[in-house]
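What follows is subunit A paired twice: with subunit B in the first complex and subunit C in the second.
This part shows the complex of A and B:
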């Protein structure tokens, strides 16, 4: 959302893209809510898969800056979710522990 | 029903124990649950006990038609307007007002964009119920000199039907169109019901209980032919199916924030400008929203609704593909293990996120109470406190026994495969358990036709 615009003219390096991917997944794991955590993981993987064949430098860099913006949102919201985490976990989290 | 009881219970205990709270957590419901008397709501690290029902964890949520969780991206857009940018969007003399006004106008454009309208045609309200009230009563009151007749359907949401009843008491005439067994309205019946003094046709897009999608384009064409304003309640359709106000020829459309992963307490009314449709305001006051809905525009909520609409536009295709796959998984999973499962409403013209099923030979309330780890509903949340079978299902001609056993599974953006699998497992177990002890099921297996038994005494 609210794409940060201002996409840099040069496309990001492969290492930068992979780092963004890993950061998104790492942030996703921090969500205390089962559904949001699973969604963030799934949406990240699907979005990167969807964009994996982008070759046009401008579209690669706009996808990259979109991903960066999403990462910032996820990082902020993971904190908010941690602050208000319910004491009782979802039955879905309990299930996977057994 | 259970969820309603829990909510009222929580509300009561909140009131009673308000003074005991530590100031830090005083507005948290989890803290409220922890300090209440064990007889009512008790929460410890191993589980929750509410109304004597013990649950190991928070139930998985499959009630998306009642309300949807707020998307974290939506909350992220809203929070600045709760924390620092708290200005009144109607304050014209300082920066706080200007920034709030700018944010509200951006949100207006975001909502308009999702339905193919102009931002000037959007009026923010408190929700779809208010929109429906303004549309049905407001239009008829404005044109009351010449127009005395309204056409709607038997399966509309309660707030449309209740507004119509209100009009009836004032002397207006209402035609409640019947629907077929698939839940769809008969276009010929609609055409033949139109009179010279018909002032409004109000038919919803996606039904909240059974999820069927009405033929909007065809209805819009008929209304255009007779030059009658067409109102539609699109609360359950917004962000889920493509909407275009021009393609459907609607004059008024009700929209809700909390059904599209936005905040509760906000909605939007689409009011066509050309040809202009006029309404009598329900709320008088400061003249906000062009005088149609006075009262300060709640910037954070409106921003949330705008963000939710923009997100819905971006994610519609992705969500739709996923929700359809999950619906198939749920239906096939249940049907693979159970017989006597009926889908209520058309299977072809249906929003995939709403699967309303009836289970033969079991009692609906027992089924719902047995499914305590799954948050589902038998139909509309508004009527879930009543044991009466749903009026929507009765309008479809569903037999009373089947109408009593309906469960609405609501699948959404955040639903997972694992949740669907768990819901299948629990539902199948519970239905099998109830059928095992059901004398009806035994009779059916013995070959007795239970349809011939007369249940009600005369």
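This part shows the complex of A and C:
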């Protein structure tokens, strides 16, 4: 792979993209609210599916930096939402009680 | 001869002194040591290894429940990409689902290596934190 070890301005390596995907999914799990948790997860998967066939290095790297920015937002919001956790759980949370 | 008996006496004293040590040693030290030992080696912290066949069953169940997988194709030795037709993004999702099922976090470098059911079962069965 030519992009391995490339600088941050060029297209990210495959492993970096997968690491970003995993970080987004890990952050999604931290939301206390069921709806936000599921939305973040779904939105992450949809976005990566939508962009999986990008071949132009410039569009790959712009999608990657967009994802990084979204990850930072999600991480901040997960902390904020933890401070104001809903008192009433979603029905979906009650069902999957374990 | 005198030197020998003196030496023997000296040795005997030494030998007797050794078993005395734990009882005459400070009980405070002993109890704290035991408390520390209990805390660091307790079952809950050390975790226990899960039975391999149980792990295999649960892993197969998780993979079967993944929406893109045809449950009929899932075998104990199935490869995610070659046998189940999944790609790298799906593999990441499956490993995340396994983390949720077994209640522990798989580090990225280990997660990257898991690409078939066998490897997943081996890793989880050898991980003390898996529940």
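Here is the rule we go by: the second predicted complex is superposed on the first by the 89 of 98 C-alpha atoms of A that agree within 3 Å, B and C clash if a C-alpha of one lies under 4 Å from a C-alpha of the other, contacts with A are read in each partner's own complex, and residues count from 1 in each chain.
As a working rule, a residue touches a chain if its C-beta (ideal position, glycine included) is under 8 Å from a C-beta of that chain, and two chains touch if they have at least 3 such contacts.
As the structure is a computational prediction, the values presented were derived from the model and not from experiment.
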| item | value |
| --- | --- |
| Superposed partners subunit B and subunit C on subunit A - clash or fit | fit |
| Partner chain in contact with A:19 - subunit B first, subunit C second, else both or neither | second |
| Partner chain(s) touched by A:83 [first = subunit B, second = subunit C, both, neither] | neither |
| Which of subunit B and subunit C A:46 touches, first, second, both or neither | first |
| Subunit B and subunit C, minimum CA distance [Å, superposed model] | 13 |
| Interface residues of subunit A shared between complexes with subunit B and subunit C | none |
| Touch list for subunit B against partner subunit A, complex | 28, 30, 34, 43, 45, 47-48, 55-61, 69, 72-73, 75-77, 79, 307, 310-311, 314, 318, 373, 413-416, 418-419, 422 |
| Subunit A - residues contacting subunit B, complex | 1-2, 31, 34-36, 38-40, 43, 46, 70, 73-74, 76-77, 80-81, 84, 86-95 |
| Subunit A partner contacts - residues on subunit C that touch it in the complex | 87-89, 92-93, 96, 100, 108, 111-112 |
| Complex contact set, residues of subunit A against subunit C | 14-15, 18-19, 21-22, 25-26, 29, 45, 48-49, 52 |
